[in-house]
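As written, the chain order gives the labels A, B, C and D, with residue 1 at the start of each chain.
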Amino acid sequence: MRSRILMLLGAAVFFMTFSTSAMAGDLDGFKGEKGEIKIAGGTAHIPVMKEAAQRIMGVSPDVQISIAGGGSGVGIKQAGEGLVDIGNSGKKPSEDEVARYGLHLFQWAIDGVAIIVNPANKVRALSQQQVMEIYAGKISNWKEVGGVDKQINLYTRDEASGTREVFWNQALKKGEIAANANFSVSNGAMKAAISQDPFAIGYVSVGHIDESVAAVAFDGVVPSRETVKEGKYAIARGLYSCTKGAPAGLTKKFIDYLFTAEGQQIVVDQGFITVK
Amino acid sequence: MTATCERAVERLFFAAAFVSAFVTLFIFGFMVYYGLPLFSGGRFLAILTSHWAPHQGSFGIYPMIVGTLAISLLAMVFAFPLSMGCAILISVVSRGRLSRILRKVVEVMTGIPTVVYGFVGIFLLIPLVRNVFDAGSGMCVLSASLMLAVLVSPTMILFFCDSFDRVPRSYGHAVLALGGTRIQHFLHVTLPCAWPGIIVAVTMALGRAVGDTLIALMLAGNAVQAPDSVFDSARTLTSHIALVFAADNESLEFKAIFACGVSLYLFTTILVLMIRLAARARGKVGQVG
Amino acid sequence: MGRLVERIIVLFSWLSGAILLSVICAVTGYLCFKGLKTIGPALIFGSTDPMSALLLRQRVFDGLFPAMAGTLLLVLMSVGWAIPLGTAAGIYLAEYAGVKTKKIFDLLFDLLAGLPSIVIGLFGFSLTLFLNRHVSKELHPCLLLSSIALAFLILPYIIRTTQIALENLPMHNRLTGLAMGATRMQNLVHVLLPQALAGMVSGILLAIGRCAEDTAVIMLTGVVASAGVPRSVLSHYEALPFYIFYISSQYANQQELATGYGAAILLLFICLLLFGLAFVIKKNLPCQVFSQR
Amino acid sequence: MPPSIPPIIQSSVKIRVSNLSFSYNGREILRDTSVAFPEHAITAIVGPSGSGKSTFLMTLNRLWEELPRCTMSGRVEMLLNGVHQNIYAPDCGMEALRRRVAMVFQMPNPLPMSIFKNVAFPLQLAGEKDKRTIRRRVEETLRDVRLWDEVKDRLAGSALSLSGGQQQRMCMARAMILRPEILLLDEPASSLDQKAAEAIEQLLVRWKHHCTILIVSHYLDQVKRIADNVVELRDGQLRIR
């Protein structure tokens, strides 16, 4: 047991020291490759996709990888229609969708959906009941949940969002979302909006949390990589990549890469939880 | 030989004009075709008047129509006096060099990209509105209208100036010779003669405000609700298209954006016809002079 | 009483002018204040060597180069579609069309000019779906389809400027060539078009500016946040205005936001440059061209 | 049936106008009028201003067809290339007609090109490709209008830089370079000073030996000096005076 830990540590040191050469190892398959991969859909995935794409395009100049957002619904739909090679989804596609399009699913990370506020806001904990009432518009002032006497500015996502779906199912128990909520188009947009609005509340992929926003404890559990990993934080979900039929060629290599040591390291670096 | 060649080239020119004109109609046809299930059986009116709640199977665009009208009309409320004031300053009050410089500045302003206004709006105007009016997130009807007003004003100013300049100078000499001031001349001669031009300018600016996507998308907050106050978050028809277009294209949700497209198309048609009417009136005023 | 009204009007006009000027100063000043320090080769090429980036030997990941290349290609392609079609249609309207035909075409082109760009974008998007379904599965939202949709957006500008430039030529100029026995085509090619060129070119430059700044059309027809320099007309691409829009709503950190300011300054500069160029050409081209012959 | 019109003087008729009516913008300018013009002569057309003298000239080279809102009826026959022909017959080429019937306008109208190109332009339009021929003809014609010595060093310069008189003489050279049989002139000297006007009159007198010249003029003394015949346009009718 101890020897295994030591071995892992040693491996980690080795990786850090010779990171470039070691990483090139996982990227070897892409050398001399040509072609294009179109990726669209889930916006929580974007940081990982971007980093992976940059590394791949860095070693093989003839590979072109484009990354678009749109939301999980768009990812599933566009992959199913054959408009993109890889459709990302932050929720598990329904069995109907899998059957209809012949989708293959690859879950390469675990993520949570966290409630966030502006760092200037002193409210750091909310119960599920409070969250539901805030989003339904029944609680509309921060002072009702222990904050300053200011109106609560709601932010939500559009219907195509997997993050919204997970949040709506698990945190709001499919409850109402008030009509006056502002809309953000992606996880990134949500984070940017909350970081600028001192009286905002929103929800975002746990992987996207940084110092520009403050995570709020949900029913007493602070969302973080650890609490999600340990299963303590309730609002968790997998991050999926979908292809129409079994992936082949460059697309297969890309998805395989996500599951390599280097790929999973990217997942960790970007704030998500590995599946291995 | 040459004659046939001439005919052929003329046909080619006609074909180009025809294709361009055909595209205009084709766009309309395409949108009706794609939104078809929503237009059959009188459902179009229902869509215009019902609410947007995809989870409950309701795909009405009423909130977006109200949002569009609120934002663009409020923008006109800001832009009209501002533009009128600036046009008076350029055409009547200031003289010579100052007038020329001002006009140049306004002309240059028409070249500023919309997205730049939106960008500055997010980081400068939104915090300002939030702090000054203590109104929610700052992303609201008011912010979008203010920025839209800035966007449409330069065009409106140039049009106003143009209509003022079209009023024959000889009219003015009569007033000035009687000892009237230039402002009197403007109020009693120029303005009454220039009104068709003013209507054209306002209509065009309104069309621009309604048709603009980015300002509202970036600054209005995009909440799906018919706004009650200028501090409410709202969504325009154009933003709605931009936000929902990527949805499952078999769904009614997706079809509904074609209802937005058709509404915008019809609205544009009405404005263009209005402009033509006003321009005809303008032609008549010009002829009298 | 009358005096008071006059004073108020004068005061009001000065106030309006001051407001407008301060707004424009605030917009440009704020951009420059926040973004000027980012201007430099690093803004465009990131950490990549500029030469190898330009030769497409190396990718640029943290600079504006792919977005600028995308915008450039997009503009060239759209203008490439729109110029032949638009000038031909403009010539037809000015030189050949009968009174009734002209009326119909005029109305349709006014309508096309008035259509919101998002409607054109929606058309482009549904056209893509249509082609994908009925023509080739290989067709997706891409550079090619974006450029076609954008071409429709600028088409009315080019038609109108061509038409106006030709129609504004004085009648006696038009008759001179014809009286010498020129055919209509000869008169057009040798006499009318050279004189209308200045107006046409400045119209095209304004159309280019419109292409470079439009975001709504491309948003629906194939622009993405990250794609690199496009390798084919059938691939996704990046573009400057969309990049600005994207960064404004979802910048990941302050550094990315700073590039957004840089990009906004860059786009502003490009558009104003085109605008200025159009102005100068319109004013000076006729004399310059003809005094040199 | 064209009525028979007695020629003005006893020489062969070059142009015969029969039952010509013309209206412009709804206003009737010519009403069922007939007249004939003799060959190798200068005919002056006079009449009150606004009576439509310029428009009448345009019925002789069909230039009015380029103007909006004009209608015409009647016949115009000419003796061109030794053949009598109806210039409004469907088989009569409009461009070919205008190359045989040249026109000079009231205001000098140089095209915005070089002097050389201006004068060579009709040749080029007629399809002449040979550079040497073009050069020779341009020189010949410019000498003919007495402009060669003044411009030979700046043929590549803009035609717009010439003085008014020079411009008009250049326009006349341009009109004559195709050696037309008929030359129509619309008050060619009215914008020029006395000296320039006289130079032009001398050219016309010289040219009438190989060309039929119709000139619209306001100046009675000019008419007296050069015209062989005078036709007056009044109340829609052309009358020999």
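Rule of thumb we're sticking to: a contact is a pair of C-beta atoms (placed from the backbone, for glycine too) under 8 Å apart; a residue touches a chain by one contact, two chains touch by 3 or more.
The structure displayed is predicted, hence computed values, not measured ones.
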By mean Cα position, the chain sitting nearest the middle: C
Of B-C and C-D, whichever chain pair has more C-beta contact pairs: B-C
Chain whose average C-alpha position is farthest from chain D's own: A
Between chain B and chain C, centroid-to-centroid distance (C-alpha), Å: 18
Mean-CA-position distance for chain D and chain C (Å): 47
Computed distance of Cα centres, chain C from chain A, in Å: 37
Length of the line joining the C-alpha centres of chain A and chain D, rounded to whole Å: 83
Interface hub residues of chain C, defined as touching at least two other chains: 183, 249
Shared interface positions of chain D, touching two or more other chains: none
Residues of chain A engaged with two or more neighbouring chains: 81, 185, 193
Chains that touch, pairwise: A-B, A-C, B-C, C-D
Complex contacts: residues of chain C adjacent to chain D: 171-183, 186, 190-191, 194-195, 286, 290-291, 293
Contact footprint of chain A on chain B as seen in their complex: 54-55, 63, 122-123, 126-127, 130, 136-139, 221-225, 232-233, 235, 243-244, 246-249, 253
In the complex with chain C, residue positions of chain B that touch it: 2, 5-6, 9-10, 12-17, 19-21, 23-25, 27, 30-31, 34, 81-86, 88-90, 92-93, 102, 105-120, 122-124, 150, 153, 157, 181, 183-184, 186-187, 207, 210-214, 218, 238, 241-242, 245, 249, 257-258, 261, 264-265, 268-269, 271-272, 275-276
Residues of chain A that touch chain B when the two form their complex: 70-71, 73-74, 77-78, 81, 151, 153, 155, 158-160, 179-183, 185, 193, 196-197, 199-200
Of chain D, residues touching chain C in the complex: 61, 63, 66-67, 95-99, 102-103, 105, 107, 109, 111-114, 117, 121-122, 124-126, 156, 158, 160, 174-175, 178
